[in-house]
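Look at the two complexes coming up: chain A is in both, with chain B in one and chain C in the other.
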Partner chain A sequence: MTLAVDFLPPGRALRQQISDDDRLKRAVMFVVGIYLVIALAIPLFVMLSKSLSTYTFDLHQFEFQVSDESGGGWSDPVTAAALNTAIAAFPESDLEAGADGRLQAAKLFADFSFRSPVRYRIRGTSEEAHFLAGSQLVRGTEWKEYDSNHFRRVMLRPSRSVGLSNFTEYFSTPSLVRSIKNSVMIALISTAVTLTVAFGLAYALNRSRMRGKGAFKLIVTIPILVPSLLPGIALVYLFGNQGVFKDLLLGHSIYGPLGIVVGSVFFTLPHAFLIISTALSVADARHYEAATSLRASRWRTFWTVTVPGARYGLISAAFVVFTLVITDFGLPKVIGGQYGMLAVDIYKQVIGQQNFEMGAVVSVILLIPAFLAFAVDRMTQRRQVALLSARAVPFEPKPRRGFDAACFAFCSLVAIFVLGMIGMCQVAALVKFWPYDLSLSLRNYAFDLMDGGGWDAYYNSIRLALMTAVIGSLIVFTGAYMVEKTKGFGLGRGAFHMLAMLPMAVPGMVLGLAYIFFFNNPGNPLHGIYGTMAILVLCTVTHFYTVAHLTALTALKQLDPEFEAVADSLKIPFYKLFFRVTLPVCLPALLEIAIYLFVNAMTTVSAVVFLYATDTKLASVAILNMDDAGDIAPAAAMGMMIFYTNVAAKLLHAVVARLLLARTQGWRQVAQTAVPA
Partner chain B sequence: MKHATAPAEPAMPVSANRQSERRPFLEISGLWKAYGDFVALRDIDLQVKEGEFVCFLGPSGCGKTTLLRAIAGLDIQSRGAIRQAGQDISRLPPAQRDYGIVFQSYALFPNLTIEKNIAFGLENIGRPRREIASRVSDLLDLVGLSSQGRKYPAQLSGGQQQRVALARAMAISPGLLLLDEPLSALDAKVRVHLRHEIKELQRKLGVTTIMVTHDQEEALSMADRIVVMNQGGIEQVGTPTEIYRHPRTLFVADFIGETNQFPATVGKGAQVEIGHTRFACAEHLLPAGAAVVAAVRPADIIPHGADAHRATGLEAVGNADNLIDAHVEDMEFLGMFWRTRLSAPRLKETPLVADFSTNAVRRLCIEIGSAIQVEIPQERLLLFAKA
Partner chain C sequence: MPFSKAFLGAATAFLLASTAAYAEAELTVYTSVEAVDLDRYKETFEKAHPDIKINWVRDSTGVMTAKLLAEKDNPQADVVWGVAATSLLLLKSEGMLEPYAPKNVEALDPRFVDGDKPPSWVGMDAYVAALCYNTVEAEKLGLTPPTSWKDLTKPEYKGHVVMPNPNSSGTGFLDVSAWLQTFGEEEAWSFMDALHENIAAYTHSGSKPCKMAASGETVIGVSFEFPGAKAKTSGAPIDIIFPAEGSGWEAEATAIIAGTANLEAAKTLVDWSISKEANEMYNVGYAVVAYPGVAKPIENLPDDVAEKMIENDFEWAANNRARILKEWQKRYDAKSEPKS
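Presenting the complex of A and B:
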């Protein structure tokens, strides 16, 4: 008879000896984890601390003594503050400083001359005070003595204090605060429009029997292949000051909210479409049969069955679109005119005004909606799984002539919109001088004649994309494997998973800025990679880590969880299993990750715009710079180069995947013709 | 689910007796496993002899798979020790233990051919190529798949895949073979066929084997000894016949085969009172006057006057106390026998289910509505303390 004793005998829980395999797996996971810490966690932390730092010159912290003409007979010590009050060498505004601020001490002495025999002494009144003598940093309360010639090279340095004063300053600058309102408004409107269009598309493609579904699906994904700058350029040509359809706007300007919304709808459409389409494709036919048998009208069925069934998809898509729009920088930069947006503010503060602290403040503010969206998305994803695992009867739409025709018309409109934008860019790129000389020429592709980086920028982009694809997919897949297949070590795996999910919530601008703060610090041993291709690869891999990580995890979860147990019983070390079985079986997913990273590395602007150097200019950045310089046609041409490249990469991916799969995945084909017992 | 066909009592395997004197090959003592607050295994003590075929049998959630995974080192126990071949393996990682394992899902490597699947373990320990090839072909012969070596797993049927998994597990000649519900994913016919093959193979190779199953038929037909488990504990360990004939608990009696159960009171000696009338029952250790459950298997009930029981060597009427008048309420033809529902005044409301052979039914002209006499044999009327 079983006694219901529900407690363990006292003592410590047995712990398994850690095998060499486990040790190796943990070590590899640790290495990838360190990568994420260095490439993500620490830079973000540095940025956060930067946003809380203010630098001011505290003139009470310095004391001086002046000698007479003979170099002896020292005056009484006097503070810099007192000197400044006396002669007003520095106005109050000069005392607000950045991290790099410096004040020339000699300016405090009205009769200073570097040829004079007068000598000067300087010391700090506290340990924190520090100043530069030439290039040498001096701190402390010891007197230091300089002759006039050297004293002119003494520079006071500001002291750092931690607090919210940057934020206070931010919120008391009306133009900056307006950006928050603008960004949220634009993001909300774009989300509403994109969701409506994407839902219509997904509904038509999943629930009708119209023709040309394949073509429409292909067309909708085009915007993924171009930088978000490109719709901006297209809109300039279509509706700008010399635009083809300028009159259609009835006097409204495309530069501003209107342009940003239309462009945002263009570049977020594929993302929303893919998510909603997935949600709609798992429909359960039984619900529709039940609705029909209950004599519910089509309209009612739509609102009581279709929409609730896709609600998690809709919520998820809404947050994805909202985040994309609010964190996008390229589009408002090109088409936004004077309309302030958060992401552009970061760029302006950092590149335009060199105000890094304020850039960090805007970054922190930009992280809030992104984090919120990320959290909600994770929550709904979890529920979506439960929906998918239900055993459903797939829904088969029946032909309905009127409805199918309406769907076709709607999809055609969207297709015209997408193709029109791309087509406009193509025309702009090929025309000699819009709109005065419409003869065709390849002049706009002569990038070497323009500012922005020339063809080198394009080749750099290809290099970046290839390196990101190869290095990224290896790092991501390895990390995912270790986190999925390591036993025990729950804490480490949990932390790793958190880190891997984090990049999704970090906008590119924020990541790029964080990289400046972290890597451009001469004290950082990794300072050497600043301004090289390596930091661009590092940044891009990290920026797009999450989606790639999730793709790898999904593929790994589809493997039989007992493979490792079997390999253990056969004494096969995990790396042999990894290379003989896991990797070959997951090859399609690996290629998927590689092409995802490639395409995104080609199109990304936001993170790398802070990090490129003269010899690592990129195509996407070149578009930005050429557009800035007024070379819009070459900018469009460069955008089209990225588009061609991505199309070619996609085609190559399809061919390679085919060939490779035919060679290494023979077992998949035979699976379909398997004979039952 | 219980099976409608209560199996005939299996004959005692010869091997079980022969091996009983050897020292245990696998020794489990004081084993506990907890997941948070949930105790999945409680105080398990078990010895498995070398060459023995042991089945862990129990309903789902009873802890049988957890125990197997603890032996394999896949989910280490919270307390307790496991010794294999004289060595303490309690804390060893799976790769340092000596076993081959077969899962319900087969877990064949999908991108490797059958040959490569079997050879994987051998290649790893660096055997020469020729030796590997001959070993692989031997193993394929052994499981009857010699012509299928170059196919991929997906090209084989479930039963064939499971045989490959078995061959792969045996390739490195492990000291212990662990089978985790190996037949559960297969159709009924394949299952019966394959369980015979596995048993044959095990006997031929003499490898100590532990199989987890929830199917009592599988356990009864394959095992030298069965470990019946329930709610994380061991209910009884014994040969199939012991388990079937002398269940130690009501759970075992009910889980292995089927039982009629009556509320009863223990009388003096080997006597029990059911519904105010007295029956003679099997020997027991329960105190007089205790409220108990009396149980008898449907197949053990003897229709009075039939010749059916003579083959077993029992007297026509064992004890007059155990002879009861009954009325046939319902009969169901199940092929090998008739399942009969009887009502008897002596048993009050509780109906009695009896399985009568086709033969006996014909001879005694038993049909719905007829009145008959049946005997509950004394030694088959078992008493159990109330759960």
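Presenting the complex of A and C:
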């Protein structure tokens, strides 16, 4: 045998064969990857280029002729540029304009008078040139003649070009630049406050023996179920000029930084609490025993054992809260008063002033802190090591009367804060005319009589939430499965993973604006989905992709890879394995993803505020619009409708999950006998 | 038989033509009229023209304008019915409107018709700037009601005036442009400098200041007459004050979008939108309508609202909008940091 081999020419290098299964998996992964590219990467790129799209007055584009006093004897044609150089009518800075910029042509003539008998002619030197005669648009290279009284109404229009002038304009407008500082400040303060409160809560719930832990845990998660607009509305009723507790503010106004910080603490608290609580729930009792035997004080033990043990949770929570606050739009819109914030600036530029280019500039700026927070968080996560070794002894708190009472008091305070905000909204929604007629009435629920979208908006929101939950869970889970269970192909998997992590760093406002630029282009083959429910679903799934993806990955990683190995050797195609084993085992995680997407689709404002159309108005957007129009009590009523819907969805989820869990258990008993065969 | 062939051809052509005439036309109509009024407008029109069906697309003025501009190269609307004239001038300057002189346009108050011939837009009704003044809160604070715009700069009102931000609200812009037109630029800016000292907040929308006054969040809301009358009806303790110098105003107007596939139906709608019947319909909510002699007084509003309106030069306002807003932003946005 060995001899025979010597006569053979050298064969191909040995390579593991790619099976049909792998090819199929890669193809599916590719499809989900393409989805992320179209729904995320390309729109963001288009937005970036939009921020560089500028409008300038190109004075070489216009030519003039002037008559003598008799209305005849025309002068030689002269360009606007030459006229401007001669008398410096417009400084260079005036030539940079927005989409609605106008220059009065008469200003180019120093001796212009609308009473003189002199006549004027104007034409473009290229087809691009356009100007207004009064409010009439004129294009082209034909001479147009006006008497002086009409010539004063001639306005030159800017043309499109590319450059950084939007950014220079941004940084030379103090009110816009101040928003950067404001946003960072508010985010930092809110993060510090939220972290302190959340740590206190998590500490009390994990390290004390107080009563009512279950109830407190439930109450703390309530803010997840409402849009961030709602705490703003609650604060207006609690501390506004007609607020119940106005006097507590000692003359300070709730409209502004104070309101934004208090509201931010409310809506970020559950996020921070869940992360820190997970970090504090694992502790090694041996460390505490060591501390006690070394006679360390409680205070010292706290700072040298407890806090370091939870440090990765704290860092992670800090970045999550910071990002949530700096990218949130609903809360500062309602309670921010005149205090400029980046996310609100985007809305004001786009909706208030139709200045899409400046909206894109603010978006690019808002991306920077969000990206930084995201990158730093990823880096610290990587350094995290397992805290618990196999020999760890779980820490069991001992009852300590004083400490437990203090914990209970603190948790009660937080619970009152959360319930008070929600309760205030419900009361406000039911009162006839705050504060002058406090009789009860359902008048504020007559949404059809208000601006904002009426009851249809509420039903649309439920439709969106259901579609997002179903379609989103499918896409996310499929993507996560392919990236986790495909062998080799490291480059593709790495790229996919990065794409899946990206949505976390992209604020909703930015994503929504990017979608306008990308999908509202008649040249785009996907233009058809603009203004439909489909684009709202696409946007919402993409916006909340990352957390769902991570949940799916965690569940999939718990599955022993041996299943695949066994299936491979038995020549069972992967999709059979997927439907028979993987999917049933991962069902609880899948449900978790679905409910996460449902709740967030109900409450999101920022991602969809630019994308809804008349027949796809949403409840959360209706809150925004009703508050904007001053109908704040109906806005509170709609907010409470979202809250109750989410509570119902959560309850339903709990019931279904319990039933399924019972069935999964049964499946496991069968599986133990079936699979090894 | 050449005769019968020709006859057949003619008959077919006639049949085709008549089915075309009876086919139901559908119009996509963009609007910013109040949500409450939509069904009533649609019903009244479709009763008069059963062969044309209206599909509303409604949003606030700012959003609607943004939407129309965004669709500039690929318009989705056939007609715009009930959007601010200033916004329509913006669309006109982009060449997006189809000029058309509707039947009987000469019957309208000329202030409500585009200056060019044929006009690109025709007006329906007007909303007029007014102050909403909360009498209960004013009494608590011992304030006296203002009677003019200039009164608003009195030190006693410090922190008690709310007005819409002209950068995001059409109502806010019509106030500023009216002051510039009636006081002259220099005086107007110094008036606004003084007013700024008294302003508690600049809101995003034009009706919010009035609703804030209605609920006691502020004492004086610079707004317009319509939400004031409505809030008073539902029990708010407010007075509606028209300042002595005269009020800025904005026309709600109708226009045809250039390039519509339903030009004939669109013309029918625009013809009807300026009819006496339509104006009577607008009068249910609006005190001032474009058709002279139609308007009947509205509950809680004086009979002579039309006389409070200043001479408003829409074209000047539209062509100077960018400049005015930039100046406003420079003066007041930069300073509008809260004190707390």
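In the analysis below, the second predicted complex is superposed on the first by the 541 of 677 C-alpha atoms of A that agree within 3 Å, B and C clash if a C-alpha of one lies under 4 Å from a C-alpha of the other, contacts with A are read in each partner's own complex, and residues count from 1 in each chain.
Heads up, the rule we're going with is that a residue touches a chain if its C-beta (ideal position, glycine included) is under 8 Å from a C-beta of that chain, and two chains touch if they have at least 3 such contacts.
Keep in mind that what you see is a predicted model, and the values were worked out from it rather than measured.
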item	value
Contacts of A:S19 with chain B and chain C, given as first, second, both or neither	first
Touching partner for A:I572 - first (chain B), second (chain C), both, neither	first
Comparison of chain B and chain C by chain A residues contacted	C
Chain B versus chain C as contact partner of A:K398, first or second or both or neither	neither
First (chain B), second (chain C), both or neither touched by A:F563	first
Which superposed partner A:H252 touches (first chain B, second chain C, both, neither)	second
Which superposed partner A:W434 touches (first chain B, second chain C, both, neither)	second
Which of chain B and chain C A:R115 touches, first, second, both or neither	neither
First (chain B), second (chain C), both or neither touched by A:R295	neither
First (chain B), second (chain C), both or neither touched by A:R580	first
Partner chain B, residues of chain A touching it in the complex	1-9, 11, 13-19, 21-22, 560, 562-563, 565-566, 568-573, 576, 580-581, 584-585, 664-668, 670-671, 673-677
Contact set on chain B toward chain A in their complex	30, 32, 34, 37, 39, 42-43, 72-74, 76-80, 90-97, 99-101, 103, 105, 107, 109-112, 120-121, 124-125, 151-160, 168-169, 171-172, 174, 178, 187, 190, 230-233, 235, 249, 251, 385, 387
Parts of chain A lying in touch with chain C, wherever the complex brings them together	97-102, 104, 132, 134-137, 139, 153, 155, 157, 173-175, 178, 236, 240-242, 252-253, 255-258, 333, 337-340, 348, 350-354, 356, 432-437, 448-452, 454, 516, 520, 522, 527, 531, 613-614, 625, 628-632
Residues of chain C defined as touching chain A within the complex	34-36, 56-60, 62-63, 65-66, 69-71, 73-74, 76, 89-90, 92-95, 114-116, 120, 136, 165, 167-169, 201-205, 207-212, 214-218, 227, 234-237, 315, 318-323, 325, 329, 333-334, 336-340
